[in-house]
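Both of the next two complexes hold chain A, though its partner changes from chain B to chain C.
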Partner chain A sequence: MTNLLYSLGGVLLFTMGFFALIACSHPLRKILAVNVMSTGVFLILVASAYRPESAGNIDPLPHAMVLTGIVVSVSVTALALVLACRVQETSNLAFLKQQRNGSEESGE
Partner chain B sequence: MMLEASSLIVCPVIVPLTAGLLCFLSRRTAFFASLSACLANLVGVCLLLGRSLSGPASYHVGGWQAPLGITLRIDGPSLLMLLMTAVTGLGITLYARGYFSFRIFFPKRIARHERQERFFWPLWMLLLAALNALFLSADIFNWYVTLEMVSVSAAALAALSGKPASQIAAFRYLLVSLLGSLSYLLGVVFVYKVHGVLDLNMLRACAGGGEGMHLALALMSVGLMLKTALFPMHFWLPPAHANALAPVSAILSGLVVKGSFYILFRLWFDVFPTCVSPAALNLVGILGAGAILWGSVQAIRQQRLKLLVAYSTVSQLGYLFIAFPLAYLQNDGLWSAVIFMALAHSCAKSAMFMASGTIFLHFGHDRINDLAGTRKCLPVTAFAYAIAGVNLMGLPPSGGFIAKWLLLSSSLASSRWWWGIVVMVGSLLSSVYVFRVVSRLFVVPEDLPVRQCLPRSPLLEWPALVLALIALLLGLVAPYPLAVLDAGRISLMLSGGGGP
Partner chain C sequence: MMMSKPGISGRRRFDPFLLLIFLLVLLLTLILARAVCTLPMGGEGLAGEVARFQQQSGVESPVTAVLLNFRGYDTLLEVMVLLLAVIGVWSLATASFVKNSFATSPVQISVVRLLAPLMCLVAAYLVRQGTHLAGGAFQGGAVLGAAGVLLLVTELPWLSVVPSLLLRIGLLLGPLCFLAVAILCMFSGRQLLQYPSGEAGWIVLLIESACAVSIGLTLASLFAGGRPGGDVSDD
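Presenting the complex of A and B:
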């Protein structure tokens, strides 16, 4: 039962992240949204490690997969942050700043 | 002897990876390290090709067997994709050398150009290693890891040109491919929940359904289609591909999109053929038809050469998907046409991007209307562009012709003529956008102002021509790759049937 709760929570996180990725225009929010999405996937994966048919026996493979996934997501987030900063530096469009104002207005 | 064959499988991953690390260590030998890695990769793949005609081979990394360990496996489709990557990769490496030395030769903004070259080589080698690992991997989670490796290095390469437009495009490209990978990963999680295994052979053995497999397959497919830029999800491709440096555009358009397509193809045709419903096949076919028409119309409307070539990638990817409903009906033969078309498109499209890059370098712009009489300055490049265009249109001796012919004949044979009409209309539209450029390249107007021709390096022009000619001649040697595919498939089915 708890297992199902975690899985549903993971699905909820995934959809929330997906919505934010589509709806928010600010680059930092988009990066955060992707992170929330990947956390949701990892939550489902960890929940699937519990195998009720063999009681007390926990499948170790999903844990290894989650660890790999976390490493991937950290490095990808770093790259996305660097790219966002580079865009801000090279263009005078105020890529990060201008859009923050826009999203504050929409948030109020 | 057998041991040697199975350890050769590691070579396409290890060699470029080592070269990529060497490129970081020594800036001066970066090109030679990359070139020798590409040559060694090609030789290794050719050796594997000779060996594996007898059947697929596999290699267990670290000696761990399938349920836990990472397995690298090689069969017909993966061999052909490896060969495609090796040949195109060698051409791109040579071209990139010519491209960067041409740019560094002119002292304008030399520091920036040197920095670009310094970062290009290691990233390109890492991308090559990741792509080869993707084609070799034999479990669905490993595919996720290699997909992410590919998208990280591809996004970094796309941002390399330093222009704000290309960096914004690269940022969007990275986000889109992350979204695609996450959707794919969620599908992998569901598959694992249902079956409890990740290895392809085991999944194939226990395929046939199970609750939730449709949802899992749908999630994986949508993610991969997003990464392959299928029609409504293609929005990220033209800016990312057109704003990158020319060798990078060739890599992204020729090779990177084929990686995610290969996984999609494998999942639908090889691993879960029983879970695929006719409605889903028709939907994919309709999206492919939309891609062909929309991409061609957009390509015709473009004013800039590189954007035109990028939109033509969108339309050519549609052909790969329109083959899905057709190939499913005919059980044998046609799915090799899909791989064959990917092969031909990879060579032709990278040649086309190289030629447009050379034209851009010489004129400093790529406005199509101002390109009249290019053949006077750049005869080889104009010729290469035309030959690659012949392949995209699908005129007779080319590889594109063979693939389109297989599609047409099967659509007529199965009396689903509407797909055939889309293929023909697409070819007509593609001839419009090819001739729109070729006519300007080749017709020298009377009052052409005398342009000073910059000194050209052979590396800048010849790799494009050679790749375009390979794509053209692929039609003449068509039986050979098709035989490789069949050999791989037959033994693959035998091993699948005789397995546990």
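Presenting the complex of A and C:
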């Protein structure tokens, strides 16, 4: 039953991220929200891969998917952050302009 | 100040629309939780199927077998996505590698000098171990990337010192190696990515080593946040 607990935790992470994605307007918060959502999905996948009946106790297919998914989500986050920096540099929106102190930092 | 800031602090006040969204998301949580609870958890999934063809895959670890043999096409595309992300970041921004105003602590510098070679060794070990235990190209690449990030935050600017052509070859090594193997398999009368029987072991290890180098470099150059200045394309 422990894996069900992890799955429910994953669902909670997913919907918390989803709420933040809708409610927050700043691009950085949106990127973080999508990251939290993807973490929830990974948690559900890894938790549901536990198969006590099978040989190695796991179903290797979801594990392989999560393994590549984590690295891909890191790179997607980096690309989104660089795009968000460009948006902030060129945007005229007031709430983006206010926080522009030391915004040269970009990266992962 | 407070009047002209509708974006952030305006949200703090009570907003009926936000409450509606909150209730809808709560409903979604309950629906998803019910869906997760009713998932068929019994049975062994695809584990039995993987175990049946484990011998043919050339490696002993089931996850590596799925990753680089049974679902090799999937992994090939994902390695390409990583390459695309670097191309996207490099075409949008240049990393300047200016020194920060505060000096890096000498303790940090010496610790990183000790750690960086050790982490490269661990990465190589993880790739080698991936054939029979947990580990593989992605884990090894992540450790390698972490070593690169450590060097970057300690302001040892290796990314701008490494010749740019060499860096590009390193980034392309994994995807090109994978693609070359895939196409060579086709030329020798098989399907795409259908490795010759009996020789899958070293092919998987070759792809894994090349991909680990590329993934590590990819992650580190993504952290740098742009194309290194003074690049070949700047000439």
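Throughout what follows, the second predicted complex is superposed on the first by the 85 of 108 C-alpha atoms of A that agree within 3 Å, B and C clash if a C-alpha of one lies under 4 Å from a C-alpha of the other, contacts with A are read in each partner's own complex, and residues count from 1 in each chain.
Heads up, the rule we're going with is that contacts are C-beta pairs under 8 Å (C-beta built on N, C-alpha and C of every residue); 3 or more make two chains touch, one makes a residue touch a chain.
What you see is a predicted model, and the numbers here were worked out from it, not measured in a lab.
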item: Contacts of A:L67 with chain B and chain C, given as first, second, both or neither; value: second
item: Contacts of A:S48 with chain B and chain C, given as first, second, both or neither; value: both
item: Partner chain in contact with A:S75 - chain B first, chain C second, else both or neither; value: both
item: Partner chain(s) touched by A:T90 [first = chain B, second = chain C, both, neither]; value: first
item: Which partner, chain B or chain C, touches more chain A residues; value: C
item: First, second, both or neither for A:K30, with chain B first and chain C second; value: first
item: First, second, both or neither for A:S38, with chain B first and chain C second; value: first
item: Touching partner for A:T15 - first (chain B), second (chain C), both, neither; value: second
item: Chain B and chain C footprints on chain A, overlapping residues; value: 14, 18, 44, 48, 59, 61, 65, 68, 72, 75-76, 79, 83, 86, 93, 95
item: Partner chain C, residues of chain A touching it in the complex; value: 3-4, 7-8, 10-12, 14-15, 18-19, 22-26, 44, 48-49, 51, 53-56, 58-61, 63-65, 67-68, 70-72, 74-76, 78-79, 81-83, 85-86, 93-95, 98, 104-108
item: Chain A to chain B touching residues, read off their complex; value: 14, 18, 21, 27, 30-31, 34, 37-38, 41, 44-45, 48, 59, 61-62, 65, 68-69, 72, 75-76, 79-80, 83-84, 86-87, 90-91, 93, 95
item: Chain A-touching residues of chain B, taken from the complex the two chains share; value: 68, 141, 144-145, 148, 151-152, 155-156, 159, 162-164, 167-168, 170-171, 174-175, 178-179, 182, 185-186, 189, 192-193, 196, 198
item: Of chain C, residues touching chain A in the complex; value: 4-8, 11, 18, 21-22, 25-26, 28-29, 32-33, 36-37, 39, 41-48, 50-51, 62-63, 65-67, 71, 74-75, 78, 81-82, 85-86, 88-89, 92-93, 96, 136, 138-139, 141-142, 149, 215, 218-219, 222-226
